[in-house]
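Can you read through this structure? Questions will come right after.
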């Protein structure tokens, strides 16, 4: 199945009923799939006037407690930042897929990982967070998407699936497996029309009194800390007795694994730390790095963004280096092998 | 002079001719001032249909090589993120003032420092940067704004003045001093109507061929590194023989200084590292921290955002703690004094 | 049933599946009703970003051959004019309800008939027409709405139900009766996804070559003449041996009837010509005016718009006078009685 | 001089200082000209986000009492209808140029007269009017544009110059002559910042109380009647002893004159009634038609719109026929000659 279609099908199987978006390459297959399938499950698909309109429709629809999806690509996501901040501020669940392309500005339509900052730090205003999943293959993209709707509801927070054009466009066999059951609290916040048996509910991100806003922000902060505790996910690959470590996610991590195989064939022991969640970032995983490791190479399809989190995780324990391809080209196994050898002096 | 009006007057004195924006509290005095004064200097003021329209007008106008300003507050800045990415991608100069308010979403209208991530990591897509000045008083806000137009032109990059409601609303005496002369290259990129004597110019952020985009992004990266080298600015305050350090910027830094005075009166030696530029962040300044320092307290009017950069700068050398007020309240001297004592165990 | 709700229910019974609109007084009950009921019938309701967005969604959705409704009030309809012209140009069916309010501009929210020109001459560009029904009571509003979807499909043309706040807000008993069967041609123009068994279809209002546009416009004109022949509808009331005639539609016609009763009680014979379709206008009905009639009084809740069509219909045969209330007030029986007496000199 | 440029230059000479618009063929030369020249006279040119944004900027700017212009073409004018209604409702002066193209919808870019209804009846809501000038050559277009700003201020009403692509694109020698002085009352309504010496002013189109709106609409109606009395303009050409009459405006009237010459050469006496103002329409001119005339042929580059006003003017005195070209083609002299002969039976 093609990545974009698998993502769309996963959303449907997770109970997504409503989609609001605006077309942009390279994720249009998601939009096309949802436009065809949502009516069949009694849901709705809306192509909005713009990404600004789309994210505000997501905001409104999310308030009903239904499962809402939007998808876009880099500059389209940029247009959604204000809306994402409102949704996070109002503590509403939704899932957003960013099949990112090269930037800045219009950039290009080829794969890129230059939206790491946008996804993990946000361009919306204020102290908000969004959970960010970074799948490295289509099966993982499917699993993460299916979980994402549960996670979004459990914590009432937007969840971003950050893919890249390679994930979106490649084809792999895929299985739609039931995801682990989660403890989702009964909804007592969604607006469904006030019935007599309950008082009205209000969805809101405005707090005029400073004490109220402060209280609200500390409440959000406690939620964020809980998510950091419970939802951080990563993969350690060939880290036992590794002499060097690569930090990479998504498509770069995939190539990094091939490079690690090739290096192993030459007797050079290199491991991989692959964050599956970019926020919360697996800082604690750095405590499990074996003492044999001499340094860390961060590989990104950008000029270096995750490297900030790698430095925070490393916290001065390892020299942190960088290799990047910021134009739409996926790094080759050879490039990574060579860079590691150069750094290791072998 | 009131902060917002001083900022506007500084922009005018720096040769700003065109303003595009949309009203939002707490920065409307800037808009009002510019709307009155720009026609007098032969310039233009446009209140656009929205912040999205405004930033795209900035984009277009910046292409002419004239000096362009926009100003807004937090959610308004969020709406501008796509446009900022385009402007940075097309390497155009402009100055943006964010008199930030509480968030996320609508939040509140009181002072806040919760747009640190938005300003320094951006919500626009791709590998772009904007220079971010963080004034701690009105005189500094004026000086930085006057320099900002030069700096923006020197590097062809958007420059953000990140103030907060306190800076915008308070009144202080202010002097409009000439800023240090900068070496601004003659413009060979602005579109002014093609004359016969030169070939047409193109302003663009689209690179369809991946090698072209990669080349463009490395070019931007070299520029960013040059800016990191030359434009990083910070203040060290009472750091000689300090036993503890506070890291703070803007209005928090102002209160931190009072706290440091009060602690000094009690014989407790605490210093301040105050970044004046948030990007580029003064990581190197951490090398100048005296060996007497036992730890760092980051103080922000947020739940903690600059703390990431403080950790990167500290690089494991100091324990990094946090004190924050995320609701519109400025921290009090007492709160900071108490927190430092608690951390120092005195 | 309240008028607005009856209109909405009628649309549903006529098979309307999709609604796109934006709230405005005094027709919000239609929007509310549709938003609740459409999901139950497997349809969709979208509150768009603006009336401009809404009418373009109508345009897109109408292309699929489904039954589409939008509703608004006067200034909202004004914003839809470009879109209506596109829909008419592309020969797509849809139904639009205008529960008109006072104008110009924001005007007021009380009943008005000042959108006669907007509805019958259009503010969209070019040689297009829309069928305009003018119900005088809720039963008629229901019948006309139910027919409107058939008529729209039969001729592939937008149909407007032009009500006023009185029709929308008053309550009357109402029956949902099956409407006369119409000969609707099998759809061979709607875009439903190209299947192998048929060539692709194109929905379009652009004709670059002048001969093509001319041909298209004459085709539209032939359609308009066919509609004029077949769909013009009016009511003649007490016209036998009348000495004077009132021309009025909608709510004004209702009051005019009361005035005619009162005049009859005094022995003054006055009849009513009530257009049920404003376009096509019942010009031919003027040939049936008995020779006893001395003159025509046009009564409108405006300063006079339908009077142009009355003059065209009269074609110099009768003096045409006017009585109007252009501010939201419904004319009283007394006012009309008095005006008629004054004109008749009795 | 090219028509579009002559129109722009005329606006400048009439004191126009501000232009708000959005590009559309075939009137872009106006926009280009204004964008270059307005800064030189201390004015401003703004390309807005859309025609909706542009007309609302016109609304705002017109409130200051300055001379404001916008220009567009047919579908762009359709998007402006709500704004025009607001401007007329608030009694503000402005000048709008419509270089009309074929419709409906996108239509084509060739000359057309299919916006007669849009211009004279309006698609905005409510009982408003706009003065509509219909120039038949470039000199007249220049004279009318120069007068239009005075007339707009004298009556505080929007004035439309309705040209067509032929007027906009052709080249003719042109003279910028001073127009007759008009008695423009001193402005006591424009908002210029409240000074102490006068009470605040309000620009508004909202009247919540029905009596207020009624009073306002009758006030507008009195103004409209005054304009009908004073500003109606037309040309009678070869009407003495004519046996037949052509009614035509703008480019069609130009061709009609050639046809009349040709018919005269054959001894067939035909005259022309050419409205120079489409609203107010020269109904009274029909009283001056000599008794020799047997019938009227209306010639329009449309399927027939002005014909409604011709019928109202004729009021049953003459048979009214029609010849039209609705696709972008200008009628030829031969076509008109032939049609007249056919109607006259010669």
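Each chain gets a letter, A, B, C and D, in the order it is written, and its residues are counted from 1.
Note that contacts are C-beta pairs under 8 Å (C-beta built on N, C-alpha and C of every residue); 3 or more make two chains touch, one makes a residue touch a chain.
These numbers come from a predicted model, not from an experiment.
What chains, if any, are shared contacts of subunit A and subunit C?
Common neighbours, subunit A/subunit C: none found.
Based on the averaged CA atom positions, which chain is farthest from subunit D?
A
Just curious, how far off is subunit B from subunit A if you go by their C-alpha centres, in Å?
Chain centres of subunit A and subunit B, defined by C-alpha means, are spaced 27 Å apart.
From the C-alpha centre of subunit B to that of subunit D, how far is it in Å?
Result: the chain centres lie 51 Å from each other.
Roughly how many whole angstrom separate the Cα centroids of subunit A and subunit D?
So the centroids are 56 Å from each other.
Tell me, which residues of subunit D touch at least two other chains?
In subunit D, residues 52 touch at least two other chains, as defined above.
Based on which chains are in contact, what kind of graph results: line, ring, star, complete or other?
ring
What pairs of chains are touching here?
A-B, A-C, B-D, C-D
Spell out the residues on subunit A that touch subunit B in their complex, using ranges where they run on.
52, 74-75, 77-79, 81-82, 85-90, 100-110, 112, 114-115, 117-118, 121-128, 205-218, 220-221, 224, 302-305, 308, 311-312, 314-317, 325-329
How about subunit B: which of its residues touch subunit D in the complex?
Against subunit D, the touching part of subunit B is residues 39, 42, 44, 46-50, 52-53, 56-57, 60.
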